[in-house]
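In order of appearance the chains are A, B, C and D, and numbering begins at 1 in each one.
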Amino acid sequence: MIDMDTLLLTAAVLLLVTLITGLVRALIGPSLQDRMLSIQLLGTGGVALLILLGLLLKIEALVDTALVLALLAAVAAAALTRRETPHD
Amino acid sequence: MTELLGSLFILASLAFFAAGSIGLLRLPDVHARLHALTKADNLGLGLLVAGACLIGGHLLLALKLLLVWLLVMFASAIAANLIARHAMKDGEES
Amino acid sequence: MMLTQLIFGIAGGLLFAMGLRSALIRESLLARILAVNVSGAGIFLAFVAIAYRGLEETPDPVPHALVLTGIVVAVSATALALALRRRLEEADDE
Amino acid sequence: MEITLWHLLDSLLAILLLGLAWSALSGTDLKRGVVLFMAFGLLLSLIWARLRAPDLALAEAAIGAGLSGALLLLALRDREKSENKAGQPMSLLRLATVLLMLLLAASFALAYVTAVTSNTGGRLAGLAFGNLEQSGVSNPVTAVLLNFRAYDTLLELAVLLAATLGILALGSERRPFRRPGVLLGALVTWISPLLVIVAGYLLWTGAHAPGGAFQAGALLAAAIVMLRLGGMTSEQLPHPLLQGWLLASGIAAFMLAGYLATFHDLAFLQYPAGWAGLLILLIESAAMLSIALSLGLAYLGGSPSGWDERSSRGKRS
């Protein structure tokens, strides 16, 4: 029987590997929107990894960090897509 | 027992994260990639949060985790929409 | 020295050198601003690696406090640099 | 030393960080560089979490996800002819730079090894933990920032203020954004109040758990960024005069608390016994507000429109 920590740690490593895979899209693009999708994925994956690390290292504040990332998950997309008011 | 169930949830969530990443990499254009990303990602995080709630044990933590999940779903749905529209406008202009 | 400290210490050193090199040889101002930030992050990483004491131990709080203020000051310095860059471009136009 | 799964995780994190930094700095496409740098910032936050530095992870998450990305994406819009591409490296400097790099890398390694191996003797960590009970708070990082090394923090706030004054002096703000659509409007209306609540929570909890003025200030600044993205104009900010006071309030509260001590025959910034906890909370609240406004104004990119009117009115009278 494997213990809990090893299991969670393996999950964290595998999760990181999938995030690295997803980040290839940020590298190859081609469009800015494609790259931004990759950031979006890293945001969600980062939330997941923070939760796992919080359980593993027994630091509850990492859930607060995940909360902060979750609250700000759409800021980058909004900052990319907003248009400025026209000159008068 | 709850811990075992929790770890099963977490392992299952990995499959969805992997699907999201691979979809992001393999699908042909922005809109298709968007689809893979949002669907798989939210389900993945949902399962992971469920697992963490079972393992973590106490109520306050579970509530916080639930809030995190809801916020990510809310934000990423809107972000996906913004990116999709932006990509469409770019397509028209070029 | 713990292996973790070694791994992140080396990474910090490489980031520092990488960032400094780009900051010196790049012509684009924006690229230079990014480079200085990467270089600073390398130093932060080395500080936090030095503070690390092990999986269960509480780390040294002094470097953490230094890096915390450093992160906030770095972003405000970046904003100042970006504002300067914008002003320079405007001045070129006139 | 034993190699475990943790070291695999560490190596993956470190390699990914280096890879992102390398690709962010190497290409000639600035857009690509900025997006990869944003990924770099998010990853840094995960690494702080891994290295048991939740205080840093919180601050980096707020800044990386809420502030620096938005700032850089905005900067991409005013790229000019001279900078359409990131530019080729200048060849003349190359050899000199490589030599300099080698020298610096060597001194960095030396400094690092010295710092890590000189574990014996009276390290500051021991001092900090030993005096934690008298500091007025139980989060050691907050204790270092607001009590043991309060001088440093005071000066950091001064640096922050100086940078903001620089931005304000350089010109007027960027154009505000158009009115948001339904979806973005909903996002801004729901998330901004939550950001303010979480910032308040982080400020309060900073006394005994990770959090504090810097994290809360960064998060509050992210709230300003969010409101700005939702079409906020600078007229909706507090009155310019109040803004000025808010910008200075962090330093002012610090100085006031510092001088208060001198009336009790204590040194500057040495808090009277029993008062430390309250004083720290007051200073932190003020510091949070000035950090938030500093970084928020930094996102506007220059002095808000109201500031110009005030200064011209001042000249006329």
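By definition in this document, a residue touches a chain if its C-beta (ideal position, glycine included) is under 8 Å from a C-beta of that chain, and two chains touch if they have at least 3 such contacts.
Predicted model, so just to flag it, every value in this text is computed and none were measured.
**Q** Which chain has its C-alpha centroid farthest away from the centroid of subunit D?
**A** B
**Q** Which whole number of Å gives the spacing of the CA centres of subunit A and subunit D?
**A** 20
**Q** On a C-alpha centroid basis, what's the spacing between subunit B and subunit C, in Å?
**A** A distance of 30 Å separates the two centres.
**Q** Taking each chain's centre as the mean of its CA atoms, how far is subunit A from subunit B in angstrom?
**A** Going by mean C-alpha positions, subunit A sits 10 Å from subunit B.
**Q** So which bits of subunit D are touching at least two other chains?
**A** If we look for residues of subunit D contacting two or more partner chains, we find 6, 52, 55, 184, 187, 191, 194.
**Q** When you check subunit A against every other chain, which residues touch at least two of them?
**A** Counting only residues that touch two or more other chains, subunit A contributes 36, 38, 43, 57, 60, 64, 67, 71-74, 76, 78, 80.
**Q** Indicate the residues of subunit C shared as contacts by at least two other chains.
**A** 55
**Q** What are all the touching pairs of chains?
**A** A-B, A-D, B-D, C-D
**Q** Along subunit B, where are the residues that touch subunit A in the complex?
**A** Against subunit A, subunit B makes touches at 3, 7, 10-11, 13-14, 17-18, 20-22, 24-25, 30, 33-34, 37, 41-42, 44-45, 48-49, 52, 55-56, 61, 64-65, 67-69, 71-72, 75-76, 78-80, 82-83, 85-87, 90.
**Q** Which positions of subunit D touch subunit A when the two form their complex?
**A** So the residues of subunit D touching subunit A come out as 5-6, 8-9, 12-13, 16, 20, 23, 31-32, 35-36, 38-39, 42-43, 45-46, 49-50, 52, 54-55, 57-58, 61-62, 65-66, 69-70, 73-74, 77, 174-178, 180, 184, 187, 191, 194-195, 198, 202, 205, 209-211, 219, 222, 225-226, 229.
**Q** Which residues, counting only subunit D, touch subunit B once they are in their complex?
**A** 183-184, 186-187, 190-191, 194
**Q** Which residues, counting only subunit A, touch subunit B once they are in their complex?
**A** Against subunit B, the touching part of subunit A is residues 4, 7-8, 11, 14-15, 18-19, 21-22, 24-25, 31, 33-34, 36-38, 40-41, 43-45, 47-48, 51-52, 55, 60, 63-64, 66-67, 70-74, 76-78, 80-81.
**Q** Looking at the complex, which residues from subunit B come into contact with subunit D?
**A** Where subunit B meets subunit D, its residues are 71, 74-75, 78, 81-82.
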